[in-house]
Amino acid sequence: MAEKKYLEKYPRSPARTLWVLKPVGKVLRMLGKTVIHRPVTILYPYEKMWMPENYRGRPGLRFDRCVACGMCVKMCPTACIKLVDTENDSGEKVRRPQVNIGRCAMCGYCAEYCPVDAMTVTPEFELAEYTREDLIYGPKRLVYEGITEKMEIHLEETLMSDVENGNFERRISPFMTDRPVLEAAKCISCKKCEKVCPVKAVTMVEHGVNEKGRPILYPEFNDDTCICCMNCVEDCPKDALHINEVL
Amino acid sequence: MTYSSILDWIQFGDVMSNPFYPYQTYNLPFDIGYKLWEIIGGLIAWLINLIFPGNGVSTWLISPEVSNMFALVLFMVIIFAVAFVVTLISLWMERKVLGRIMDRRGTMVGLKGFMQCIADGLKTFMKENTIPKKVDKMTYMWTVSLIIGTSVLIACMVPLSPRWFVVNYGTGLLVIMALFALAPFFILVSGWAQNNKYSLIGGMRAAELMISYEVPMLIMIATTCLLAGSFNINDIVNMQSDTVWFFIPQIFGFITFIFCATAEAERVPFDIAEAEAELVEGWQTEYAGMKWGLIMLADYMRGYVSCAMVVIMYLGGWLIPFVSEGVNGWIPEIVFLLKVWFVFFIMIVLRGALARVRTDQIVNIGWKVFMPLSVVNFAVVLLLKVGGVF
Amino acid sequence: MMSKDVADIKSEASPIDTDKMWVIMGPQHPFSHGLWTLKAQLDGEIVTDAEPIIGYLHRGWEKECENRTYPKIIPMADRLCYAASMTYTHLYCMTVEKALGIDVPDKAKYMRIMADEVCRIQSHLMWLAAVGTDLGNLTVFLWAMREREFFMDINVRLCGARMTTNFPRIGGVRNDVDEEFMMYAARCVDRFEKAVWDIISLIDDSSTFVSRMRGTGYLTREACANLGITGPAMRGTGVDFDIRRDDPYDNYDKVDFDVPVLKDGDSYARYMVRIEELFQSCKIIKQTLQKIKAIGKNAPYRFKVPSKVPAGRAFTRLEDPRGESAMYLVSDGTDKPYRLKVRSPIFVNVSASKPLVQGSRIADVPVIMAMIDMCLGETDR
Amino acid sequence: MTEETYQKPSVREIQELLEKKFSGKVRVTGTEERRVCANVDRDCIHDVCAYIHGSLTFEHATSVMGNDMIDHMEVIYHLSNYFNGVIVELTAELPADDLRIWSVADIWAGANWHERETYELFGIIFDGHPKLKRLLTPDTYEFYPFRKSYKLRGKE
């Protein structure tokens, strides 16, 4: 039987009229303690609390690693991320995420679901600005210096089939296993999947010609470079693609 | 008399030799005021005389009648300034000590946080002076004026030493008590005038609070006066100097009186009139800005007066223990104020340790605990007096 | 004892013919911890009638969920109750897992109940702080908040956020714990078990606190069960029921703990039940830490789950710090829920405020309602 | 006639008793450990609830909720027993053109606000409810926001 630490000790005597000495004693002891040592509070703007490295402050971005797959846009619960056009160091036009910190809920989903670990969490939490426009963090501003390994959040999952096989120590992320599959009957060879793929994992392969003499193109997926961003699945006009979930 | 140099204008005379000197005994703040006026008035008179030599205004300014009049004005300013600064220091002490009790730092702005009191005061004074639309405007204004006025009046009337007083009444303690008891009536009227249910309940509670602590308190004052044989504050303190401090013969009275004084000042265990948990700010709900700031100041002034009454009646006023009377003459005011702050410290600790009592509980405590204790106290003192110990 | 007092008050009030007055407490009122209103009819100081009004914070949470995919609801479930965010997230994940028909790893179960108990302590300390302010004492408030800060630190080290933790996931938990965290958590709990006695002796040894709480807000066992009051408020009136013990979820049947039940039925009993629960939670945390250590470092903590939930219905409930909270999920086979209903304990507890405060004094209303431990995020949803 | 009172009815007992007492009106659709799911005709919901409360000692109504299935509506009751932790889930189907059902607020006072909430969010009218008024939403609402016909107007 479990003991009850508090209920077995209290209440002892019900009638304690004007019994105020013990709390006064407690209070005086705390007074003495805080006069000798310092109180437990900190002077906030001058001193700051210790924060662990994985503290979920604003999102941070590794500009070079990002492939603009839009996974963060899809997963954001508050819809505060969108992809905008910008330029990288060598002047090429690229698309990178922009975060509206005013709407951001600091849930860390963008970092968790980033297939290439380009989005991270950062311990930066002082985000007040004077205007709402200032709260919108463009891709360049989103870059955080000094991203360490702990700030990346990896999506480490275990397959239920692995547990049954006794291989329970293996950790996979869905971006490694889940791959798009084609229902060839629905495909109309529009090449849209090839266009939207951020990592160029889709190649259109010719499978003969149709009755009008046009080539029939079916997409083929490079399983090594695919990051399972689901852009092709979502943009397919005929719903010919779906993700094969490995469980 | 010829006035040739500036020193002729500044006479720096003895205040007691002024024929219009209002007191029988030496009064330090009046002396300071008198001397200040002699410097200021002398300078003005000298300046006027430089421009218009031989005019009558200059001599009029330094004549004993006019000096006395302006000295009285300066005297008032000095008395109020001291009471004000003492109150501010109490406020600062409360914030700091309460902060340390609660494991935080208290105010941190300038001079270990003392400037925060001044900053807060300035802030409340700079706010817009709002009057709610549906209040009874006249009652709303004059009640708050009277609450603040009576509080400031009694805070100024507390004598700090035999030489620091406003009026040396024969019935000093009674007068302070009477003015003290006035404020709850104004609170009641003010609560009604604000046209707000919280204020109304708060005002009613202030009256309820008063009937619960006032009677035992008066019995205890009567006990002390019986022991001292006088209502005069000087006499009471002198009596304690001759015998022992009165908290030794009336220890029950001392403890009970501290609680009654806490109730009198409407501080935390007994602050049912402005219980912020259920009545937002009680009777102060509709007062904002400067009015609220002044009410706050008046609250702390009442706290100061309550502590001063405890010190006068039980802790030997401005006496230093185990020291001959010759040394007593040096700094009686400082000694008195230190004792006041000590009693205030006890009140702060009570505030930190205790919760607010309920309305029926305060009446219960007042009539079932404080009242018997004060009567027992009275009986003990009566026995001592009859037995000839005092 | 209390019922006699109430009867006395009523009989002494009746012969005087006085006007009754409606006092509207809230939504901006120091006693309402959050935005809600209590309309109280006063006869002098005594409350003769009361009516709670809620809805100032209604966000359409359940409707909002119908337009979101399943993982996106987890951060939203955090926001149902800020003081104990983990429990609602846990509840939501359990419901979806039940609809999916999967069983989460053992390690994740222990981690979830440890996080739950951390949140329970956190929430109870928040409540203790609120009791202090409602009784007019700020010392209790700040001391309780100081203790709460250590459990916030546990949360930060666990998942990187202090309040809205977003920690449980469908199929497990967000991240693994390391050795350093477990040592820190064990130290925090040990420290807390000693430090909380300061607050307890400040309240329980003080006649002002005890006399304010004893005998107020009295309810009988039958009335309490019928009104649907759950949680510590219910166990203070003698209903011996705790979902953790009687309808165990996750691994609560594998840890050893005790459910405090008192038969007094007043505010003080509710207070005592909550304080005892603090110690029981500490005990559970210590046990789960040992169990997590025993399971080993490389054990799975998160299963990969399908993104679409098969059509069906699932009902789960768990013991929130405030009472019984339940979720009912209707799924239609897509990746968005068809209907997600949240049963929040405070929603029902606050509806019982009329029988609770009737007959007591207005000064007792904050104390009685503090024992309900209001949280408006989950009440209005 | 006083009926036999079961303080700790098992899942099996509940199933048998319900089907025996209200044969044809209550159909038990599924049982699990400590869970009983049943479909109830809406006319006899009050009788069933009174029986469950009185004879089977289900002292607590966990929740009463509405569910819009587009062609019909459902009112789902979760009733809980404090002695063995069993939950009975009753589902009453209402045709879309006649959204009325008997209130159980007189049996469990705790169901009062649940029914008010269901009324304001789904428009299901509970006959015999002591105070059927809007609770969470403003009184000026003329629509029932949780029905499927009410679409969210989200904007990026």
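Read from first to last, the chains carry the letters A, B, C and D; within each, the first residue is number 1.
FYI, a residue touches a chain if its C-beta (ideal position, glycine included) is under 8 Å from a C-beta of that chain, and two chains touch if they have at least 3 such contacts.
All figures in this text were calculated on a predicted structure; none of them were measured in a lab.
Steps from chain B to chain D, taking the shortest chain of touch contacts, total 2. Among all pairs of chains, A-C has the largest number of C-beta pairs in contact.
In terms of Cα centroid distance from the overall Cα mean, chain C ranks first. Per-chain Cα centroids separate chain B from chain C by 48 Å.
Here the spacing of chain C and chain D, counted between their Cα centres, is 25 Å. Between the CA-based centres of chain A and chain B the separation comes to 63 Å, rounded to the whole angstrom. Chain centres here are Cα averages; for chain A and chain C they lie 28 Å apart.
Within chain B, residues 101-104, 352-354 each touch two or more of the remaining chains.
Contact of a single residue of chain A with at least two other chains is seen at positions 17-18, 20, 23, 26-27, 30, 40. Touching chain pairs in this entry, ordered by label, are A-B, A-C, B-C, C-D. Considering their complex, residues 97, 99-105, 108, 349-350, 352-354, 365, 369 of chain B touch chain A.
Residue ranges of chain C in contact with chain D, taken from their complex: 54-55, 58, 60, 62-64, 67, 222, 225-230, 239-241, 243, 246-247, 315, 317, 324, 326, 328, 330, 339, 341, 343, 347-348, 351-352, 380-381.
Chain contact summary for the complex, chain C toward chain B: residues 21, 23, 25, 29-31, 42, 45, 132-139, 141-143, 146, 202, 206, 208-209, 211-212, 361-366.
Within the complex formed with chain C, the chain D residues making contact are 34-35, 59-63, 65, 67-68, 76, 78, 80, 82-85, 87, 89, 108-114, 117, 135-138, 145-146, 150, 152, 154.
Within the complex, the chain A residues that touch chain C are 1-7, 10-11, 14, 16-20, 22-23, 26-27, 30, 40, 51-52, 54-56, 75, 77, 105-109, 112, 121, 153, 156-160, 162-163, 168-169, 172, 174, 177, 245-247.
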